[in-house]
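I've put the structures underneath this note.
You will see two complexes here that share subunit A, one where it goes with subunit B and one where it goes with subunit C.
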Partner chain A sequence: MTEAVATRKKPAVNYHRLFERVALVLVWLIIIAVFGAIMPRSFLNWGNFSIMFASYAPAALLALAIIVPLTAGDYDLSVGATLTLSSCVIGVLNVWAGLPILLVVLLALLAGLVVGLVNAFFIVYVRIPSLVVTLGTTSLMTGIVQWMTNSSTIGGIDNALIMAVVGGRLFGVPYAFYYALVAAIAMSYVFDFTPLGRRLLFVGRGREVARLNGIAVDRVRVGALVASGVISAAAGVLYAGVLGSADPYSGLNYLLPAFAAAFLGATTILPGRFNPWGAIVAVYFLATGITGLTMLGIPLWVTNVFNGGALILAVTISQLTRGREASDIG
Partner chain B sequence: MMVRVRLDLVSFVAGAVLAAGTLPAFAQDAEAGVERARQALAVYQEKPVFKAPAEPFDAKACAKGKRMLSIPNSSANPFLKGIIDRMKLVGKELGLDVVEWENQGQPSQWVQGFEYAIRDKFDIIDLISGIDPATVAPQVKAASDAGVKVMTSHFYDPSDKQSPLVSSSLTIGFNEIGKILGNWAIANTDGKANIILVVSNEVPPTAPLVRGIKSALADNCPDCKIAQEINVGVTEWATKIQPSVQSAVQADPDVNVVIPIYDSMSQFVVPALRLTGKTGSVKVATFNGTPFVLDFISQGVVDMDIGESLDWIAYATIDGHLRDACGLKSPSALNVPFYIFDKNNVADAGSPAKFDTGYGDAYVAGFRKLWGLGAE
Partner chain C sequence: MSFGDGEGALTARSEGSASRTGLPPVLRLRNVAKTFGGAVALGGVSLDVAAGEVHGLLGKNGSGKSTLVKILAGFHAPDPGSSMEVDGQPVALPLKPGDFRRLGMSFVHQNLGLIPSLTVLENLRLSALTSPGRAWIDWKAERSAAREALETFGLRLDILERVDRLSPVNRALLAIVRAFEDIRSGLEGSGRPGLVLLDEPTPFLPREGVEKLFGLVRSISDRGSSVVFISHDIDEVMAITDRVTVLRDGHVAGSLVTKDASHDAVVQLIVGRELARSAPARTARKVERPVRAVIEGVEGPRLAPCSVTIAQGEILGLTGLIGSGYEELAYLVFGATRAAGGTLALDGAEPLELPAMTPRRAIDRGLALLPGDRQNASGVDSLSLLDNMFLPDVDRFFRRGLLDHRAMRQEAEALGKAFEVRPNDPIQKLSALSGGNAQKVLIARWMNRKPSLLLLDEPTQGVDVGTRQQIFAALRAAAADGMSVICASSDAEQLAEICDRVLIFARGRIVKELVGAEITKDRIAEATYASLDGMGALPPDERPEDEMQ
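After this line comes the complex of A and B, so read on.
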């Protein structure tokens, strides 16, 4: 009898969990269907989706950058400023100093690495909360960027970068999207199939437990922060390629949508865990909503309501389906 | 039944005759509108000519020992920084000490600027391009009471209701700029403009500027239309303009002009057109003369940009403010001419383009003569 109850309590397929895993994807498909029904010609065409996939690629990469330190239990608020720094390094060194674009891209990624190391030094070794440190480095980088660009947008970035990011297309989708896709595949492999990914998760779930289990907690955290710096710098490279120019102000605006996507993504695919595919789905779910609303000619303040509302609603539904158990995430 | 068929036939024939008679008239009207638009643009395509804003006066005697604190909307804005740097140079020659109140666009910092000007006994506070006197009304009053004259420049459109607290205002014709943009769209689509407007309604100049665009369309091209007006807050330009323009040009494939009313917006319009494959087929017209946008014209991704000479603005601001400070009648407008840059003349702006290049220097000799100074 007891055995029978136990069996009933643990069905072979947990439909609740399964539903939770695909809920966001389903909602995404529903809003595509709704916008498609309203605007069959302009919304439901491949051109529309291919452009959306490419233009949100920097945001997708930024969301991927954020989830690495989040998984290890650290916030990195400096990703938006790192994106700006990287794209402005490209502008200043390529357009003003005339350095070759390939070298400049490497230097931009190097800048991201340095930012990651600086963040890691203060967070891991000096033991200042990550929120405070990355807020500080955001302001620091914003000032440096304004100084090095004279607060001006720099146009005329080497056409080779523009071609490499949005010039070429595969299945009609500009390359930018595939760079984000490759990053998601790589991260998903590391997160799910390597000891490093497991260590990252353990560190995030309980530093002390992880340390007692012999995991080099500090090294993992440093690695996560450096990875986030480099990936955000790569997002900056994509951003410079998509725009064809370097803007000293705009990158910071990607911070909140990227965080929204990271948290929204943690409610899907692998609910309760920051995961790369969830982040990608979340970015394009939000992008689809914004694109559809804009095509309908709805005022843009609605998109902010959509962004915020979608995040709160998704996280709430996820919590309710899990019986309001304590979340694993911060 | 027969009667009805006949009547229908008669009305059809009558309608056809009427249509045949009026069609050419419509066509003529449309052509005349396009011609009017072209004529209206001509003056902005010539090198700007100096027109004296008021009677000559002894600027050196007036400026002697006077001090002016210039408070820009934000010191991070290179356009405003450029004007103030040039005002310092012009002021130095006249004996007017021009000081910039460096700030990052925060109202609390503007308030500190007022307190500093009152404490340090400045003669003039210049609110340049963006600070609405209404947002710092108590400070404007306190400064006026303390004998510091508060003036605005490059902020109000002549049609705006101006704050009664300021001593004088040098207006700029945002409405006129709107008309140039509207007429340019008409002239460059042969009267078939189907426009996407990108605006920021929170910025005060937007309203008169957009009114100008609409009035040009109404006057010279009733068939032209605004397909979509996209309102994006300044802090959201980077995240909202590109996807919105992409969606708008895809939703309406007949769109042939995008007007981002401030040219820094165009950095997000250009990639939108590039991604949607519309570069070249959809024209981009804008305003501000920012160097990187002039470079976009050289690259063929933007078609026109209306600019103003910063140096000219600096001379005109000093001229107007000094007149007010010395009790003379100050001109009501800056009187700095607008100039259209397009692919034919953008090379004059330098490569890479610079602020203040390509407008000619008619104003230098003009103002020097007006102020009773010798040649440079």
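After this line comes the complex of A and C, so read on.
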């Protein structure tokens, strides 16, 4: 009975799926067209887009960081705070302590690794829900950052970092964007072309199944959390480079768009799975919307409404299109 | 009542409170039938439960017991022509879910339906506390109602204790008291007796717990209510019930007054054997075969230390009543559940310590386990057939730094074809397949690795007849090539069909071994039900309550 139904439905599902895969890209093009029609001069020029691509690169990296533990079935809400921590480690050690920038960048990434390990310890070994742990470490890190920086923005970061991030351009787009692109390529390689990617997926979808098939479930989860710590620290490095300074407050604003992008990204390219290319598309979809609205002179609060609305809408759409199948993240 | 001390304990109880005169049967079923597709689950069952009576319902797996319970619970609609009376009043069928409460019935299922993280009070008063139309909760009144209910049945529980801190016995007792309390309030003053239905409440309880549970059942029937007691365990049914109805293949095989019935008569009704059994000509398979695995002293939560040896190419069946421990062995050997002790020696190699066994180690040594819980432990529904098939060994396809998706797809397609998976589309999600086909995919996963010892738990549960045969054929073929199989199953027919040898478990021990021509469906079923005979009484401290948690 079930078999017959499944066979009959197959071709229809495929067309449907194809549309689902590119739907977000189409919507993105549509909003570009709409803003372009309203503001042909100011919106539709390459300068505008190249700035957008560069300034949202840290957010893109953050979205990539989130999808690693999400795929393995854990939330990491602390990525925003880790980004801030990393950029402020750079500010404090480079500007105030005068350490060389290369060493400082490595220390910032190391800080991300430590955050990942701390999260993993409480989530995997003490068995506390990831939502609770990472919410806690977010506040913890925010406090530490305020203490470190005396709650002030630290300017004057070594020019080498700024040059490496926004100093050069390729096709008119600052390097920052390409770092995010390289990360997405690396991640989609791991997700789709290595056994590690399969393990990550199985650990997220069926822990017991994974365990009984000989996968070291705990080790995979720890690895995923450490990876998200390090990648969000890298996002912090980009952020410091883009701003040229370390800001103890604004980093957390990236958390919601990055989460929205991770979930929105899971409705496209490879629908039903958190996937790096989907996340990248989603980040720039949101960025386009916000940039366009801002240029129209719409007040600041609309940004928040847009991000929040997009997150909820994204999850709703993916749930509806997949019937009432259980969602991947519980 | 002394259940634990041998002979006298197992005699039927005296008439006592049974069949109060003048009252119509609490429950009267006439010709209740249920067909699923073309398969007859119930073929017209008629049965009366008198007021104040403890009525036993016995039967093998698949005899229709659970279908009957589900009809009463309003979960299945019976076929037209079925009729039902409660307290002499005809009831319109099918019942809606929840109707049973209005009719004065309540159920205690094996999982008890308690919420472990809430207190005794909250669990006991669950329906009262959550009923709509109350503006506030009078906690004082709730507390005294709960205390009163527990006191009525002599249950000494702290009402503020969390349920997960209770012993398994007290949890079961609490669930039964709650079931009785749920109907009591509705029946008060109406003079209707009410009915509590206990669906296999005992298999995981230690013996002295069973005794307490019986005491409780008796005080319920002393209050005039009826109890339907469903169990696999004949001894328990004989000890507690006034009357017994036996179902077999969806029909009533017989109805007996317990005190006039013998244990053997009941077994005969359940198994339905003709005494002159025609043993099917069973080709005696090769006996002299090299040993594949020696399992020594394996011990688990419900399994007392026991030893099993299996030869190359042998298919060994494990069976017993629920809770007898047979279902644990495969998980302990594979390291899926941590063993308390024991060793495993494969092909004459050094024995491995079982407590240190992990699934990874087991897989690396050529073991494979197909768990009984397909949805949660065996396959991932939301991922593709291909991913599910190659889960334990994706690394094989990692060549020159890339996963070879093409090779994976080709091999998955070939594998699907060999195991007759339909539809055979490796990219399809596992959830798109029927239960039987999904099981074929998961069996293919392990067989493809050519394990030396394949461990199966209920491999054909929820699998259609045709698929069953395909799975059996695949197992036999692999066994002929030297793979050894341990198959834990409660399905005697399946064991009879594929096994070279069957071990019967009871109360955590191996009590009987069937070989060769002895292996027939009837002999297995009979041995399973007789398994408690010769066991004698275990001292109460043999199986401490804490062990069950």
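Following the convention adopted for this analysis, the second predicted complex is superposed on the first by the 318 of 330 C-alpha atoms of A that agree within 3 Å, B and C clash if a C-alpha of one lies under 4 Å from a C-alpha of the other, contacts with A are read in each partner's own complex, and residues count from 1 in each chain.
Here, a residue touches a chain if its C-beta (ideal position, glycine included) is under 8 Å from a C-beta of that chain, and two chains touch if they have at least 3 such contacts.
Only a predicted model underlies this, so the values are computations on that prediction, with no experimental measurement involved.
Asker: Overlaying the two complexes on subunit A, which is it for subunit B and subunit C: clash or fit?
Answerer: Once subunit A is superposed (C-alpha atoms), there is room for both subunit B and subunit C without a clash.
Asker: Examine A:192 and indicate which partner it touches, taking first as subunit B and second as subunit C; both and neither are also allowed.
Answerer: The second partner, subunit C, only.
Asker: Where does A:151 make contact in the superposed view: on subunit B (first), on subunit C (second), on both, or on neither?
Answerer: The first partner, subunit B, only.
Asker: With both complexes superposed on chain A, which partner does A:281 reach: first (subunit B), second (subunit C), both or neither?
Answerer: Neither: A:281 stays clear of subunit B and subunit C.
Asker: Rounded to a multiple of 10, tell me what angle the C-alpha centres of subunit B and subunit C make at the one for subunit A, in degrees.
Answerer: After superposition on chain A, the angle is 130 degrees.
Asker: Once the two complexes are aligned on chain A, which partner has more residues of subunit A within touching range, subunit B or subunit C?
Answerer: B
Asker: So, does A:214 touch the first partner subunit B, the second partner subunit C, both, or neither?
Answerer: Touch status of A:214: second partner only.
Asker: With both complexes superposed on chain A, which partner does A:254 reach: first (subunit B), second (subunit C), both or neither?
Answerer: first
Asker: Quick check for you: in the superposed arrangement, does A:63 touch first (subunit B), second (subunit C), both or neither?
Answerer: Neither partner.
Asker: Superposed on chain A, how close does subunit B come to subunit C by Cα atoms? Whole Å, please.
Answerer: Value for subunit B versus subunit C, nearest C-alpha atoms: 31 Å.
Asker: What residues on subunit A touch subunit C, complex-wise?
Answerer: On the subunit A side, the touching residues are 1-3, 6-7, 10, 192-195, 197-199, 201-202, 205-206, 208-216, 272, 325-326, 328.
Asker: Using the touch definition from the top, list the residues of subunit A that touch subunit B in their complex.
Answerer: 39, 42, 45, 47-48, 51-52, 54-56, 95, 146, 150-156, 162, 166, 174, 242-245, 247, 249-251, 253-254, 257, 287, 290-291, 294-295, 297, 299-300, 303
Asker: For subunit C, which residues count as touching subunit A in their complex?
Answerer: By the definition above, subunit C touches subunit A via 37, 334, 336, 358-360, 362-364, 369, 371, 376-380, 382-383, 387, 390-392, 394-395, 397-398, 401-403, 405, 422-423, 425, 428, 431-434, 437.
Asker: If we count contacts the way the header does, which residues on subunit B are in touch with subunit A in the complex?
Answerer: Per the stated touch rule, the residues are 76-78, 81, 228, 230-233, 235-240, 242-244, 246-248, 250-252, 264, 267-268, 270-272, 274-276, 290-293, 295-296, 299, 301, 352.
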